[in-house]
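Here chain A shows up in two complexes: once beside chain B, once beside chain C.
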Partner chain A sequence: MHELYEKLKQYYPLGELTEQRNNLAFITLKQEQLRPVLLHLRDKENYTHLVILTAVDWIEDNCFQLTYLLSNRTNATDIGLRLMIPREDATMESIHDIWPTAATYQRELREMFGIDFPDSPRVNDDFILEGWNDIPPYRRDFNTLKFSEETFAQRPGRETVDPAEHMKQKLYPDGA
Partner chain B sequence: MAYQPDRSQYPQKKADGSLDIDLTSGKYLKLWQGPQHPGITGNMSVELTVCGDEVVEGITHVGYLHRGFEKLMERRTFIQCFPIVCRICVPEPDFNEYCYAAAVEELAGIEAPEYANWIRTLILEMGRINSYLMYLGGQAGSFGMGVISQWTTYVRDLMLDRFEELTGARIYHMFILPGGVRDRLPEGFAQRMEETLCEIESTMSDVYDTMYCNAVFKKRSVGVGIIDVDLMDSYGVTGPNARAGGVAKDVRIDQPYLVYPELEFEAILGEDSDIYTRADVRRKDLLQSVDLVRQILAKMPKEGSLMAKIPSVMHWKIPRGETYVRGECSRGEYGYYLVTDGSGYPRRVNVRGPSYTHAMALLERMIVNLNIADVAGLMVSLHTYPPEIER
Partner chain C sequence: MKEELEKRIIKGPDGLEFEVEPLRDYYCEAPPTVMPAAYSKIVEDLFNWARSESIWILGFGTGCGAIEMRPLMTPRFDAYRFGVQWRPTPRQSNLFIISGYLSVKTLKRVIRSYEQMQNPKYVIGLGSCTINGGMYWDSYNTIKRLDQYLPVDLYIAGCMPRPEALLAGFADLKKLIRSGKAEGANEYAEKFEWYKANQKRVINDWDMPDYNW
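On to the complex of A and B.
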């Protein structure tokens, strides 16, 4: 994987390389490098299969990480391309013209993280949520507990325990 | 012979590429297949626009089953996630357990003992048999052969009995923990498993005679729902759907995991890539899994350690990192992308279910030109499970 990284680096300014396993590596790159690197990997290095496209919310750094995982079937290796985009007005270029399936991933990211992919087919249509007015629910600042307390009623007579405390008492009843 | 649609009935395309469908013209009709419909796989729906009995557009709608698993896991410790993950896929839950456990083990630097890996492989193959049996019932049912689903449900139930004696549960087993497995094989398990496998083989022989040799099934499935080989990569087609088109994609062989390198098997391939070939590839795959279960029970060590030493699960923190772990489930590539940030909770878990690509972009493309009566057959032949789409 290191050889491929060095090869790519001749053409594109790449960030850090993380070799997770001998058949899986992650490469950090800049937003504007994504399309040329994706096309290079697909057309010249045989990374033809888009495995996942997903986001991670690093709220403390005020950015989203987008991960594009590509797979090469001839030598059974995977490369994850990760790039950071700012959380405010998060927008990213659509790659549905390279992989048609990316449109589904982008639609989900639009709905769940609020990341916009202009020109991606049906990107603004409801995907999983219907009539959602709150902030995108997979963002870290979406409070699931508050949402469920406001939306759902407690069944009377139900006892709620803190799982950690409950297990502690069950495993160590004498407080050891 | 392949179905030849009458292209004169086609709607024109607008400048933006969308179809010019005027519902008031009386030429087109909107038809919802699902979410409550015998011809739909689980809780999803397909919004069909038909012209006569020919589909001109199909749009997949999901969201009837969303429980927010990925978000729930971000608020739970690593061990608390373990009973959640299996709920993501009802008919074949074990892949979730394995992929999640393997991802956690990789990031935490833990290696599961060899004996546990043999039991994990056994469970995954048992799950594959179950999933295929459920598929066969659905595929036969979508072409009007209701009795086959009764036979396959019966033998699936026998396999659920084996799961019950091994894990204590029938559907959600919660058996593959990060670090190993919960228990060893019970006394006499191999013997009872052999009886179940013989019963499955006998039923499969009946299914072959009744379904695969049936003139109606052949007439309706041969040449219908062909996935072009050129689409395999651009649409992320994996598993039997890809193998039926001659593309040798099998994670068990390409990126071997668990004890698969020690087992003898090969990727089952087809040529024609239509509904019939996909059904046939799955039938052969099922019989191969039966053989694999036999191999595992014959080759696995009699004793061994079940669990690696793991930290106290209440205070388990995993250093910052990210990984992707995949396995070959009955529908294709199943994978978990796990990101950790050094805390006691996963930062992000993303589940890649094969149905995510098969039931959305691919189905919407393939459904055009199809006869309404074949929509259910096509959807089942892609072997889609909606919970994987809306984790």
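On to the complex of A and C.
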């Protein structure tokens, strides 16, 4: 992984390298570097498979982290590209022309995080949430519990118990 | 609303233009009606006995509980020996098993399928999710009480209930049908407005007729 990182670094300005395992590493980079690095990895380094494109909401830093995970099938190694985009009017360049499957991930991110990918096919269509008119549910400022209590009728009488305490009571009722 | 459901002018092959309003033209809008019992109790009892012995299930798995139906269909548990079988279309079935959690998107399809089933029809809620939300109690997209949206005859609790529990559930449902207590379809017709209001409260993009059969 180190050799690959050094090699890439000759051509593109890159951030730090995080090695998770022998066959999995993450590279941080700038938004503008994503497309050339992806194309380089796909065409020259045999990372031909886009495993996943996902996002993390870093609400404290006011940004979204996007992770593009690529896989090299011949030597069974994975490499992830991480980048940060601002949270306000989050927009990212679409990569559906490099991997057509990315369109599905981008559609999901558009719906769940509200990250826009202009020109991605059907990106604004409903995916899982039909007729959603709240803020995107995977954003961390969305209060899932409150929404669920307000929207869906609840059956009274549901109680929550601490599993450890409950089992202790049940197995050793006299407190032994 | 989807484009193909909107009212529009269409030009036919013979050049004539005509207006199409899919929601009105393609579906029957008449609300469901209560089906009266047979003219005499003994005849109704006979009907109920017959109904209880041919429970035909709609093969629609809404959640993870659908996995419990496969061993039931196959020789190990073999539900067919109790007169229970699975059918591919709502028109041929009279029991709808809501197998587990129900997302809002699935609820819409479930309502359409339920309304297409012929009377008399029964609903079983399978698993905790249909009773009080189960492990999805704080989810943004799953309903928590099935009986707000469809008339439920029987719940089978568990997460997930084993196939044996389902077999016991079928036996209980048979008892209910024979005693004339499984009147879900009539209840749906009686409280139709209430059910519709509940359904429309959670389904925001309602793009189907109120009753589609």
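By our rule, the second predicted complex is superposed on the first by the 159 of 176 C-alpha atoms of A that agree within 3 Å, B and C clash if a C-alpha of one lies under 4 Å from a C-alpha of the other, contacts with A are read in each partner's own complex, and residues count from 1 in each chain.
Definition applied: a residue touches a chain if its C-beta (ideal position, glycine included) is under 8 Å from a C-beta of that chain, and two chains touch if they have at least 3 such contacts.
The structure presented is a predicted model; accordingly, all values stated were derived computationally and were not measured.
Contacts of A:152 after superposition on the shared chain: chain C is touched, whereas chain B is not. Contacts of A:23 after superposition: chain B is touched, whereas chain C is not reached. Of the two partner chains placed around the shared chain by superposition, chain B is the only one that A:49 touches, whereas chain C remains out of contact. In the superposition on chain A, contact is made by A:144 with both chain B and chain C.
Once the two complexes are laid over each other on the shared chain, residue contacts for A:167 go to chain B alone; chain C is not touched. Taking chain A as the reference chain, the count of touched residues is higher for B when chain B and chain C are set side by side. In the superposition on chain A, contact of A:133 is made with chain C only, not with chain B.
Touch criterion not met for A:64: it reaches neither chain B nor chain C. Contacts of A:113 after superposition: neither chain B nor chain C is touched. Shared contact residues of chain A, touching chain B in one structure and chain C in the other: 126, 128-130, 137, 142, 144.
Across the complex, chain A is touched by residues 62-63, 66, 68, 70-72, 74-75, 77, 80, 106, 233-236, 238, 249, 254-255, 314, 321-324, 326, 333, 335, 337, 339, 347-348, 350, 352, 356-357, 360-362, 365, 389-390 of chain B. Of all residues in chain A, only 18, 20-21, 23-24, 26, 48-52, 54-57, 67, 69, 73, 76, 78, 80, 82, 99-101, 103-104, 126-130, 137-138, 140, 142, 144, 163-164, 167-168 touch chain B in the complex they form.
Looking at the complex, you find that chain A touches chain C at residues 126, 128-133, 137, 142, 144-145, 147-148, 151-155, 158. Considering their complex, residues 103-105, 108, 131-133, 137-145, 148, 198, 201-206 of chain C touch chain A.
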